[in-house]
Amino acid sequence: MVAVETKRERFVSVDLQKTEEGYNVLRAILKDNPDAKVDEFPGYYKVKHSNKLTIKRETVESFMGRPWDTQEFNLVIISYSGNFAEWDDEKIVIQWDTHM
Amino acid sequence: MAKKKLTLAQKYHIYTRGLDWEPTYVSKKDIYPYAEYEGIKIKDWNKWEDPFRMTVEAYWKYQAEKDRRFYAILDGFIQNQGHLTLSDARYLNSIKLFIQGVTPLEYMAHRGFAFVARHLPGPGPRTAAFFQSMDELRHTQIEVHAGSNFNKYYDGFHSMTLMHDRVWYLSVPKSYFDDAVTAGPFEYVTAISFSFEYALTNLLFVPFMSGAAYNGDTPTMTFGFSAQSDESRHMTLGLQVVKFLLEQHEDNVPIIQRWIDKWWWRGYRLTSLVGAMMDYMLPKRVMSWKESFELYIEDQILEGLFRDLERYGIRPPLHMEQSIKEKEFLSHDVYWILFSFTFAAAFHSWIPKEEEMEWLAEKYPRTFNQYYRWRYEKAKQAKTPLPGDRFYYIGLPQLCQVCQIPMGFTDPDDPNNFVQRYVEYEGEIYHFCSDGCKWIFEQEPEKYVQAWLPVHEIYKGNCFAEPPKGPDDVVPQVLKWYNIQTDNFDYFVSEDYKNWKEWHKDMATVVV
Amino acid sequence: MPVKALYNYKFPPRDRAEVFGDDILVYAYWIDNPFFCSASAWRVPKNMKWKDFVAQIFGQLYGLDPDFKKVKSWKWYHFDQEFNPSDEKTLAELGLRHKSIVKFKPA
Amino acid sequence: MSVQYEIKQKVIEPKRLAFDYLLKRYGNRPASRYEEATVDIQQRENFHYRPTWREGVEIFDVNYSELKLTDYYSFLDPRQYYYYTYNATRAKNYEAVDKYFEFCEERGLFEKVNEDWLKVFNRYFIPLRHLEYAGWILLVGVARFGYGTSITQCAEFNACDKYGNAQLITRIAFELPEPDGDIFENAKKTWLEDKIFQPLREYVEKLLTIQDWGEVLIGQNLAIDVFVNPLVHIELDNLAVENGVTTFSFFSKYFYDMYKDNMRWTEKLFEVLLSDPNYGENNRKFIESKLNYYAGQISKAIDEFADVFKMPKKKGDFKKAKENVLNHAREVYGKLGLNIKI
C-alpha cells in the first residue's frame, strides 16, 4: 500500500496570458493587491492571493496608457479560481464565500 | 433630457431579463416540456444573477478580436513551417489524441448548450448557455483549423470525426458526452458547466497548453488559452447555476449532490487521458499530472470551491478520496494502456527515454520505479510479430461498462493489481474499473446497459470494413473500419519519425 | 434508483447473452501481473473445451510475457472462487456464463 | 547595414491536402476553412444512450423533422460563415451601429423625436424585441435538433442575430425619452395586451410549441421574417420618413440587412430541400402545406397593424403597404417555385 500525501492551500487566483496586455493587467493587479503572489509558467502567469483579488479599471488604464473596458479582461484571462463577486464598469473582484 | 447612465449590471438586466413574457395562448409547459421531469424546483428565475453580463454586441466584438489573434498566429505558424520547430514530432501524438478526443466533444457541447438555451425556462441562464453554445462551436472550429495544418504533414489527424464515432479509446470521451446530452437540461448544465468546466477543464487547458507552448506549438497554446478564456465564462456559469439551484429549493440539494458525485467521477476518469498526455507524450514537460492535480483539484477545487459550497449542504464528490489516492498511479496506468494497444490506435506511443524515466521517477518517487519502469524493460524483450521492437497486447481488453477504459486502474492498496468490480443486474453481469463507475451504474442501470462497448461490438461483428477472411484479417478489417492508415504502432517505426528525421537533416542554414 | 425520463426508459442490454447465440464473452485476468494492462476479453463457444480455451488465451496473449515459460502450473479462479477445471469439460459444464471472468496465477 | 537571414528549407510536400473526409467528397484539393469547420463535423453513429427527454430518437437523428435530405451536406451556407467569419462580419456590421449611436447622441437626435410620433413608434417598434427574442429561442432549437453542421450552424448564427436584434431594439429604447413612464414595461404591456400584437403573439407562442425544426424554420424564417421585416423596416420606415422622422431609418436598414443576410442561407436551404433527388417531393408537400398555413396566418396577423398607419401627421396607406409586403413574399416563394396562396 502506498500512503497518500496531500497538502492543501486555499487561495483565489487568476491565470493570465503572457502577452503585453496580460502583463499590464498583471502589473495593475500587483499594485492594487500588494500581497498577491505570481507563479510563472510557459505561456501564462498565475496570480494568487489568500483571500481576494481586485482588478481596477483605472489602474489597468494607467499601465495601458489608454481606456480599458473591464470586459476586455476576457481577452487576457485564461482561467481563475474563486468567484466573480463583482464585475462592473469600475472593477472586477474575485473571492470565495459570496452568496448569489 | 438625456437619460441617466445605467451601470453595466442594470443595463444587462434590461437587455436580457425583460425580454421574457408569460405566454397566454399556450401553456408554458408546452414551450418548455423538458423543464420538470428531473425534479428540480425553481421558485423564482429572476433570482439568477448574471456574472458576466455579456451583450451580443460585446460578444461579437471581443470574440472576433480573440479569433483575429488566433488566426494571425496560426497563419504565421503555417507560413513559417512552424511545425518544423516543434520540440519533437512525438509531441504531436498528444495533439492527435486531443483532436480526436476533445474536439468532437467541443462540438457536442455546442449542441448540448443549444439544448439548454432552448429548454431551460429561465432567460438568464439560458442566455449564458447560448453564448456558451456559440463558444463551443468556436472551440471546435479553431481546433479543427489548428489540426488541419498538422494533418498535411503528419498522421493521425485525417479523420477525427469518423474516428470519434468508431475507435475504441474514443468511446471514452464520446460516451461521456452522450451521457450528458441524453440527460435533462438541469443535469446537463450541472454535468458540463459545473463538474466538467469548473472542476476539470483547467487540467486540460492550462497545464497541458502551457506544455504546448513549451514544446513550440504556438497555435495549440493559443487556441488552448483562448478557448480557456471562454472557459472562464463557462466556469462562472457552472458555479452560478449550481448555487442558484441549491438556493431555490432544499429538495434540489440531494439531486445536485448526486449529479456532482456522478459527474465528478465520470469527468475525472475522462481526464485521466490528459494525465498520460502530460506525463508521457510531451517531450518537454511543464508539470506532472500529480502536481497539476494538487494545484487545480486539491487546492482550487477541494480547498476552494467545495468549502464554498458547504453552506448549501454540499460535500465534496463521493469518490474524490479515491482520485487523490490514485494520483501517483493514474497517468502511468493510462499510458501503459495506450502503449499496449497502439497497434489499434491512431497515434504512436514509445518507450520513454532514459532521461524521461528519470523525470517520472523524480515526480513519482513512490510509484514509477517500483511499479512501472520494469514494464518498459520487459516490453523490450516481449516482442510480437507487429512492427516495432517492443510488446503489444495482442488481444482485446475488458472494458469498464461505464467509463469504457480498459480495466487497468491500479488498486493503490494492492499496487500489483487492478481494481475489478462487477454487479449482476437483471440476469446480466457488468464489470467496472472502480467503485466510482460501479456506483454510477447502480444509480441508473437502464442507461449504462445500452453502452456501445467497442470490444463487444468488434466481437459482434459490427466493426469490420469487410467480413474478415480469417482470424489474421480481423484486426486489419477493424482498422480499416476505423480509417486508421499509417497512424498506428510505435513512434520509432512511424512515417512521422522517418519524415521528421528527413526534414531535420540539414533544414536551416543561416547566411549572414 | 431509476433513470428519470419522460417515458418508460427501458431498453434491452446491448450486449445481453442472447446476442451472442451459442457463444459467450469470457474475460481473463493474470493476478499480480500488471504487465498486461487489463483483463482480456474473448468470444468463445459455450461448448469449447477448457483446454482449448486455455490454449487460445495463453497462445495468443499471455505467452508473450517472457516470464510465462517459467510457470509450471496455474491456480484458477472463476470470479473470486477458486476452481479446478478439468481439461476435457466445456466452459458451460464448468459453470462459466456470459461475461464470466477467469483469473489465474502461478500455483 | 542590414543583416540578411536566408533560411534554406527543403520544400516539404504535404502528405495530404485536406482531411480525409473532405478529400473523399471534393477530390484531391485543399479545403477552405469554411469546409473544414463545417462538413461532416456532427457525430453520426454509434450513440451510446437514448435521450431521456424524448422517446424514439437518437442524440442526432434525421427524424427530428419531416424534412429530409439524402446528403445533409449538400446544403452549404452561401455566405460561408463559420464562427470567426460570422463574428468578424457582425462586429464590423455593428461598428456602424455604434458610430450611428454616437452621432445621434452628439446631435441629440433621440431627444428631438416628435412626441406624438414617438407614441406610435413605441407602440409598434419597441415590443418587437419580444418577437425577436422568440425568434432566438426558435432558432437555437433548430441549432440543437437540426441535422448536420452546415444547417445547424446557420441556425445558431441566425439565433445570435435575433438576440442581437432584440438587444438593439432595447438599446434604441434606452436612448428615447419616456414621457409615459418605463418604456420597457409599456412595450411589454403592448406586446401582451394591445390588439395590434395579439394575433402575432398567438402565432409565435404556438410556433414555440412545435418540435419539428423544419416546421419551425418555415414558420419563422419563411413566414414571420418574410412578412414582418418589409412591413416594419421598409413600409413603416418609409412612413416615418414621410412624417419627418429619419432618425430610425439607419436602424431599419440594419435590421433589414440582417434579415436579407439570413434569407441567403434560408433560401438556399429550401432550394436544396426542394431539389433533393430522393426526398424533394415529400419535402415540397410538407413545405407547401405548412407554409400555406403559416403564411396565411402571419398575413392575417399583420392586418392588425393597419391601426399603426394612422400616423400623427401623414396617414399611411396600409392596403398599399400590405400589397408590397405580399409581393415581397410572393417573390420569395416564387423564386423557390413554391405554390403558396396569399
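Side notes on the structure shown:
To keep things simple, chains are lettered A, B, C and D as they appear, and every chain counts its residues starting from 1.
The rule we apply is simple: a contact is a pair of C-beta atoms (placed from the backbone, for glycine too) under 8 Å apart; a residue touches a chain by one contact, two chains touch by 3 or more.
Please read all numbers here as calculations on a predicted model, not as lab measurements.
The interface with the greater count of contacting C-beta pairs, when B-D is set against A-B, is B-D.
Separating the CA-averaged centres of chain B and chain C is a span of 31 Å.
Each chain gets one centre point, the mean of its Cα atoms, and the points for chain A and chain C are 54 Å apart. Distance from the chain A centre to the chain B centre is 25 Å, each centre being the mean of its Cα atoms. Under the contact definition stated at the top, the residues of chain C that touch 2 or more other chains are 3-6, 9, 11.
Within chain D, residues 50, 52-53 each touch two or more of the remaining chains. Shared interface positions of chain A, i.e. residues touching 2 or more other chains, are not present. Chains that are in contact with each other form these pairs: A-B, B-C, B-D, C-D. Across the complex, chain B meets chain A through its residues 7-9, 47-49, 51-54, 58, 62, 65-66, 202, 205-207, 209-214, 221, 225, 228-229, 231-233, 235-236, 239-240, 243-244, 247, 286-287, 294, 298-300, 302-305, 307-308, 324-325, 327-328, 366-367, 412-415. Looking at the complex, you find that chain A touches chain B at residues 1-4, 6-13, 15, 17, 41-44, 70-72, 74-84, 87-89, 96-97, 99-100.
Against chain B, in their complex, chain D makes its touches with residues 3-10, 12, 14-21, 31, 33, 36-37, 40-53, 59-60, 82-84, 87-88, 90-92, 94, 97-98, 111, 129-130, 133, 136-137, 140-141, 143-144, 149, 152-153, 156, 159-160, 163-164, 166-168, 170-171, 174-175, 177-178, 184, 188, 191-192, 201-202, 205-206, 208-209.
For chain B in complex with chain D, the residues that touch the partner chain are 1-3, 6, 11, 14-15, 18-21, 23-26, 30-31, 33-34, 37, 55-57, 59-61, 63-65, 67-68, 70-71, 81, 84, 104, 107-108, 110-111, 114-115, 117-119, 127, 130, 133-134, 137-138, 140-142, 144-145, 148, 151-155, 157-162, 164-166, 171, 174-175, 178-179, 181-184, 447-448, 450-452, 457, 483, 495, 499, 503, 507-512.
Those residues of chain D that touch chain C in the complex are listed here as 50, 52-55.
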